[in-house]
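Each structure below is given as structure tokens.
One chain, chain A, links the two complexes that follow: it is found with chain B in the first and with chain C in the second.
Coming up: the complex of A and B.
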């Protein structure tokens, strides 16, 4: 078996056998909770990675789109009895639709202007979550009592919920992996480096940016729906500006433009504060210090983009490998 | 002819706009020189409010002294901020790297990290609740002018903003420090070749800008009687909006936009519930970005 097969198999075993085995071994609801939250934030970091890391658009309102997904899933589930199976894709689609509407006028803005626009939109959505009491129940939040019902099967054990969340997240990350480590991803990277040059090479810059933004928001919406279903209660405070910053920190700590880095960053920033729970309030400060330290000492991140691309192409992408008797495509 | 209610709202909006203006000036000054956004400005504002509060509860000095203590605390915070979050990223002094995107994004995030650390530290020390302020220091004694009522805080804020704006214009246009600030903001490398100490100039800019932010913090804290660690976030965003609307590096533009923001926010409360008034600010931000990307009063830029 080749090395790349081994790594893939190892990852699958890790996610679907090893982690559940550890969870069952400890058998504490708290650990299951951390595992599902870590999975959800890994998806969020991976989706932000596509916009901020690969396409180079500094996005400061990711948590709001994640909130859109959560609210759509929760309201559909609580008020209209639309369950998990349909609610999750609908949540993703509505987040993507809102992202599309947002992207149409703002995508021609550059760097810091785009960041400010997404910040403003994030705040507007947050205000809607908090103040449109008729729809979102305002600051009280939405309770979601209906359990996780997948194709008619009621899933109510902690382990089952972990498996559902982990499979959806793994599938989504697989899609994001293919997007960011392909010619499509390369095109996005080119417009990150120099969009005028990319446009001269025949890349439709605006369309590509809108696509990346919408795809990323779709996955953020799915993460939101998973969050709503696993916690059973959402309130506007879960989708504040500080959450956007937390997700951004994950991407930055892991390394801008590196998908494995984003996942590592998410794991680190979810699990480390939980391990530090005993030190209490300092943990938020530690998040800040980690972010600062990562920018100062590891400007490329824990798993920098170049090494991540090398790793992904050599180990995960057969498409990049040279076939027998043919010239390999792309890379090098 | 004028409804007293509308006049009253106008007065409230004007003082609100002045508060945003005071904060936006510092923001814009720093952006104008370094071409980077300082996300920790809101925390400097909070630090100013807390420094004033600590001075009041420790030895109860007169109001003017409290203001100066806040100013000094803000200046010190600005100095440390520049040393910690901005100067380590100015490794190279050539034009391209000073204005490069990597530099801008690194400082953006390092200032964000600093703001998280500062806010959380303050929350840990003081708790996230409102602090109680000595009632004698509150600047909300009502004054009646014809049909409308304003408080003495409105006058104080108005006066301080005018003095600050005038002083800053004088400093920038007439003094040697202002000359070097303008030189660095125009062309950092050229300024360096002419013998200007760019590092010192940038520090001075941060000290001035942050001092003004901290002053805004203590004034607002005493005006509303509400001082708490997260107080800097909302006005920070409003100041940011004002800066973008004003065209990023134009200080008078930022002040005018801040006043427009304040006025429209307070007037909007007569049409809708006050919880939605923030929506007006963000709506303005988006409209400006979409239709006037270089700001209402800004100089032309090639691409935005």
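Coming up: the complex of A and C.
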């Protein structure tokens, strides 16, 4: 068996056998919860990675689009009885649609102005979640009691829910992985590096930026729906600016432009605070210091872009330069 | 001879300054054409007008007989015009191979869906074309290096290779010899001549006379935004107006 197959098999075993085995071993609802939240935030970090890490657009409102997905799923479920199977894709599409509307006027803005625009949009959506009581129930939040019903099968065990969430997240990350490591990813990277130069290469810069933003928001919406269904209750506070910053921190600590980095960053920033629960509130300071240290000593991230691309292309066999002198193709 | 690029009364003003002033000329199919002029003569502005980075105030640009004035840069690129930049703009945090692939993929086209499903043929084409260009400029051994880590001269060739990966009909090089020593310039001159001999129309924008005089078949000289000469190098060299512009200028 080739090295790339072994690694892929290892990842599958880890996510779908090893982690569930550990969860069953401990058999505490609390651990299932952490595993699910970690998976959701891995998807959030992976989707922000596409916009901020690969396409180089500093996006400060990711949590708001995540919120759009969560609210769409929760309201559809609670008010209209639309279940998980349809609710999740609808949540993704709604977030993507809003992102598209937002992207049209903002994509022509230059770097820092774009960041401020996304900050504003994030705040705007947050205020809608909080104040449009008729639609979102305002600060009280929305309860979603419908449970998780997948194609008519009621998923009511913790393990079952973990499997559903892990499968959806894994599939989404697989898509994001292809996007960021294929030639499409190269096109997005060229925007980050020098968008004027990219346009001289025949790349429609505005269209590509909108695509990246919309795709990323679609997956943020999916993550939001998973959040709504797994927690059963959402409130505006889950989608505050600080959440956007948390997701951004995951991407930066892991390594800007690196998909495995974003995943590791998400895992770390979700699991670490939980592991340190025993030391009390000082844990937040410890996490902060570790983040500070990570950026100071590993400015390229825990798993930087160069090593991430090497990993994806060499180890996972997604490359075009498999061996020196050997002409690989873009995507196997 | 058929013209591939025609400029007709091209003018661009910035406030009161006429950076490019009523320039009319043409570049013929298969030609190695030079555009020279002292610093501040308006060469780069003229170049930006042609490639769609700056819209002209008046006048017209025709490429392969088609009016391209006012089209955006990426559309002009798709018509078959490819350019490099004066101040060397490679993608520093991408590998050499990835840099070149951007030139190829811009033309061949990639989308989010084709990278998920059914884009294999296109991906293969991008790969093959990128390797071809890498070998052409002798950078195949550096395929995996970050562009930022290449030497200055190699980055120049990388930029040209990336432009060539677009398989253009017209290649415009903006001061390719800037910052190169004499032997590097000679080597580059040979490379450009070979490109031209293989059938590619090349337009060279330079402020250093040496390279251009040596290899170009025809020259246009620009001074203060105006065309002051348009002829073969031998004639241009002796043109009193050109001599004055160069000796009287800051060059």
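Operating definition for what follows: the second predicted complex is superposed on the first by the 317 of 332 C-alpha atoms of A that agree within 3 Å, B and C clash if a C-alpha of one lies under 4 Å from a C-alpha of the other, contacts with A are read in each partner's own complex, and residues count from 1 in each chain.
Following the convention adopted for this analysis, a residue touches a chain if its C-beta (ideal position, glycine included) is under 8 Å from a C-beta of that chain, and two chains touch if they have at least 3 such contacts.
Just so you know, these numbers come straight off a predicted model, no measurement behind them.
Participant: Looking at A:117 after the superposition, I want to know if it touches chain B, chain C, both of them or none. Which is it: first, second, both, neither?
Facilitator: In the superposition, A:117 contacts chain B only.
Participant: Examine A:127 and indicate which partner it touches, taking first as chain B and second as chain C; both and neither are also allowed.
Facilitator: The answer is first: A:127 touches chain B but not chain C.
Participant: Is A:58 in contact with chain B, with chain C, with both, or with neither (first, second, both, neither)?
Facilitator: first
Participant: One more residue to check, A:109. First (chain B), second (chain C), both or neither?
Facilitator: First partner only.
Participant: Taking the superposition as given, does A:245 touch the first partner, chain B, the second, chain C, both, or neither?
Facilitator: first
Participant: Using the superposition on chain A described above, determine whether A:291 touches chain B (first), chain C (second), both, or neither.
Facilitator: first
Participant: Taking the two structures together, which residues of chain A meet both chain B and chain C?
Facilitator: No residue sits in both footprints.
Participant: Where on chain C is chain A touching in the complex?
Facilitator: Contacts found on chain C: 51, 53, 72-74, 77-78, 82-83, 85, 89, 91-95, 97-98, 101-103, 105-107, 110-112, 114-116, 119-120, 122-124, 126-128, 130-131, 140-141, 143-144, 146, 162, 166.
Participant: What residues on chain A touch chain B, complex-wise?
Facilitator: Answer in residue numbers: 58, 105-106, 109-113, 115-117, 119-121, 123-124, 127, 130-131, 241-242, 245, 248-249, 252, 281-282, 284-285, 287-289, 291-292, 295-296, 299.
Participant: Per the contact definition, I'd like the list of chain B residues that touch chain A in the complex.
Facilitator: Going through chain B, the ones touching chain A are 37, 85, 88, 101, 104-106, 108-110, 112-114, 116-117, 120-121, 123-124, 233, 237, 240-241, 244, 273, 275-276, 278-279, 282-283, 285-286, 289-290, 293, 303-304.
Participant: Taking the complex as given, what residues does chain A use to touch chain C?
Facilitator: Touching chain C: residues 175, 178-179, 182-187, 189-190, 192-194, 196-205, 211, 215, 257, 305-306, 309, 320-321, 324-325, 327-331 of chain A.
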